[in-house]
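Pasting in a structure now, in structure tokens, and then I'll have a few things to ask.
Just so it is clear, A, B and C label the chains in written order, and each chain counts residues from 1 on its own.
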Amino acid sequence: MQRFLQVCARVSLGVACLAGFCYAQDFQAPAAVSAGDEADIPTTGSGKATFYLVGPGVSRKSEVNLGESIHLPAQDTKIAGDYLAIVCSSTCRSGGFYVSAAKPATLTFLVHPSRVPVAQSDAVSGVLLPFDQFHNLILHPLTVNFQLATGNASLLSRQVPTQNGTAWFRALSGKSAGLLQVIAAVDDLSARRAVQQVASDPCNLRITGQRTKTGIIVQTEPVRDCAGNPVPDGTIVTFTATGANGKSSVDAPIKRGVAQAQMLASGATSISAASGVVMGNEVRVGAQQ
Amino acid sequence: MHMSNHLARFRSSCSVAAFALCLGVSLNLHAADSAVQVQLDFKKASPRGVEELTERAILRDYRFAWTSIAQALEFNTVDPLEGPFAGDAKRWLKQSVVSQQQSGLNQKYLDQTHRVEAVFYAPEGDVMELHDTAEYQLQISDGGKVIHDEHAVVHYVVLMTPAADRWVIRLLQAVPQF
Amino acid sequence: MKFAIPITLVVLTVLLMVAGLVWTGHAGGTVGIAAGSAMYGLTPNADTPEHALANLLTDAQRRNWDRAYADVSKTSDVDESSFIQDWIGSNGGLRSFSSLEGFDSRPMHITNDEAQMRVRLHWTTPVGPIEDARDFHLIKEGDVWKTVWPKVQVPSVPAQVVPVTYLRWDLVTGGAADEWGSKNVDAPHVRIISMNAVDSAEGAVVMGEVVNEDTIPAFVNVNATLVDGAGNAIDQENSFDKIAHILLPKQVTPYRIDFPTISLKSVKNVRMDVKATLVPASADPVIGVMNQKVESDVQGKSILHGDLLNESGQTVNIPHVVASFYDNNGKVVWVADGYVDRALLPQSSEPFAVEIPRSLAGKVQNFHVVVNQYSLGRS
């Protein structure tokens, strides 16, 4: 008898399902979600099911009741990208949705170089990438305000819309050595960088030579670039002396704006100087008395 | 006499089996690597033109990155993610792997084809943006049982930056369209 | 049976020890040239100049200083401590870390009472093998020959205070956190200003000059890749120590990259790559290169020689000279380097010499020398 009743129950259930009185699981994935927003996934059907959420940075599984809404907490939708929601009971159904970036919260600002010679065209460049608070790249257009200034002088002020999440600029360096402030702003967010403007190659490198008891002391005049900026201390000036005893050379660093070296030469000597690929003048020093 | 013959046969069988296993694994890895097809187009890269060596490096490193993603998510290990990724991309992918380890899921990215276009190359060459239309067979399994199997077409926005000896992916963000 | 292996090992060890002692100092054999040393404890009598010199050099090689000094003539103007110092070096110079591997000597001139011997000394050093050619004068004292040791010139540096006012650069590295774009210090800008690829007796050579165009010091390495007609890389090498690695702002250094056993016939292109990294550095010491001349040495080789003058107040333990040679068009035709095995004391000088290959000596119209230096305990 018991066995007969079990069989009858199963047959009745099957007929009821065929008649549409049994609901399989179904759900509706969210249309669009902003990063960090909570979302709900309504489901239909009855009974227990397994819910899977697979996406960037998330891969979780939980037991749910069909017919109830599945809640997606904010931490599950932090990362922008494509997500897959899968509900499995007797069969598995899936639906995808996208999480897009939230509003701008941080700016990644890449500026090059960190040191630049003065008065060079297209010497300074920068790229700005806006991100939301979860480090998702913001791809819809934003207006970026780039500004370059040295002291009180403004070198550049330009508004550039982002394209594919990036905005960039290129500008010439200032005429004077010193710190160049580079600022990029999007609404009330901003990022600052500093570029050191340094003197260009030495210009009009001039030397003098004086005979002493031990040899010749050679010295440059204050070494400056063509714009008058002093060449930084530590820059090497190569002095070369040619005389009867052969050739002598010294790589001397600039100290307090001048470079100086001691050369051993007793006879009449011709001395020249060079710094990098820039040549200076030549002086002749007579023989030792 | 019999025992030594059996022992000898057993040893040789083990050797053959070990060799076959190694061969199989290596072929599988090779197959995984050769299953990732990448076509790269640099015509639209600006403002800086892409150097020939850079083109080759990007192709090589992007392909390797996707091979690594496939391995990491299939075998639930973070090791393949160390080299080809940096920054948030590495963090998120590792998070995916850890999440999969906890839930018992794994993903397979099979028969990958990537049609990639470079859309931005910074003036100093320190960042490149790529748009990748990726097609692959995505299989998601729970404890060995396949719960999802589809031919997926996904659009990725990718940021790559030069590292010490390669280009690395810093951002891999899927979008509905470019 | 079970002792067979240990006994075999012991016997082999003893045989190898004997062989090492017997064949110490042998440096190849050329008929007519005395080389190496005799068996330990069985040195021949100094009855010929060759034997006398060989005894001296063997004893010096084994650091038997008493025996070596006993081989020196009493007419020499050198005491034993100066003699030893001359051999083993001092002040952390390269000689202090070197050992005499072997020697070849040959007679230049022999009479009944005196002889002139030319010796090539083969040194093993931390920077590789170095050869040194010296002439020794020997005289006969009674039945034996003795070597006249030249007076050892030790620089006399008066006590003084030398202020150091040259610039120094320190490097502060950022934190480990990856903040993309926020901490940006560019690598130094260096540029290759010339490149010349030639075939030499030992293989292909790529050489030229590189300049630090930046305002900060750079640690520089130059790499070259030889590429064939199909665009495939044949070989890749770097400049190793044939370059002055640390370049101060606007400093120029030559570089040379050797590709042994490769000929340029199969090379279609040379791809150059210069790597520069930030490095702490000091503009001190300043070393002058004085009295540079190209002349032929006693062996008929073309040598660029001169003196290094240390114009600073610190000892330079191991000076290293890198020289570029130019033809009359100003093209770099060769780059040679050499180490000075004695330390450069403050305000004093030491001679240096670098060899120019015979095939190129005639083309050299000009040259430029830079000095690299390694100082113990300093960056």
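Keep this in mind: a contact is a pair of C-beta atoms (placed from the backbone, for glycine too) under 8 Å apart; a residue touches a chain by one contact, two chains touch by 3 or more.
The structure displayed is predicted, hence computed values, not measured ones.
Comparing per-chain C-alpha centres with the mean over every protein C-alpha atom, the closest match is chain A.
At the far end from chain C, in terms of centres built from Cα atoms, lies B. If each chain is reduced to the centroid of its CA atoms, chain B and chain C end up 50 Å from each other.
Computed from the mean C-alpha positions, the centre of chain A lies at a distance of 25 Å from the centre of chain B. Per-chain Cα centroids separate chain A from chain C by 45 Å.
For chain A, the set of residues that touch two or more other chains comprises 110, 112-113. Multi-chain contact residues of chain C (touching two or more other chains): 180. Residue ranges on chain A touching chain B, taken from their complex, read 50, 52, 54, 56-61, 79-82, 84, 86, 88, 92, 94, 98, 100-101, 110, 112-113, 125, 127, 129, 135-137, 139, 163-166, 168, 170.
The touching residues of chain A, counted against chain C in their complex, run 108-115, 193, 198-199, 201-202, 232-238, 245-253, 255, 261-264, 275-277.
On the side of chain C, the complex with chain A involves touching residues 165-167, 169, 180-182, 184-186, 189, 193, 211-217, 248-252, 283, 286-293, 306-307, 309, 311, 367-371.
Those residues of chain B whose C-beta lies close enough to touch chain A in the complex are 47, 88, 91-93, 95-96, 99-100, 102-105, 107, 119-120, 122-124, 126-127, 129, 131, 140, 142, 147-148, 150, 154, 157, 159, 171-176, 178.
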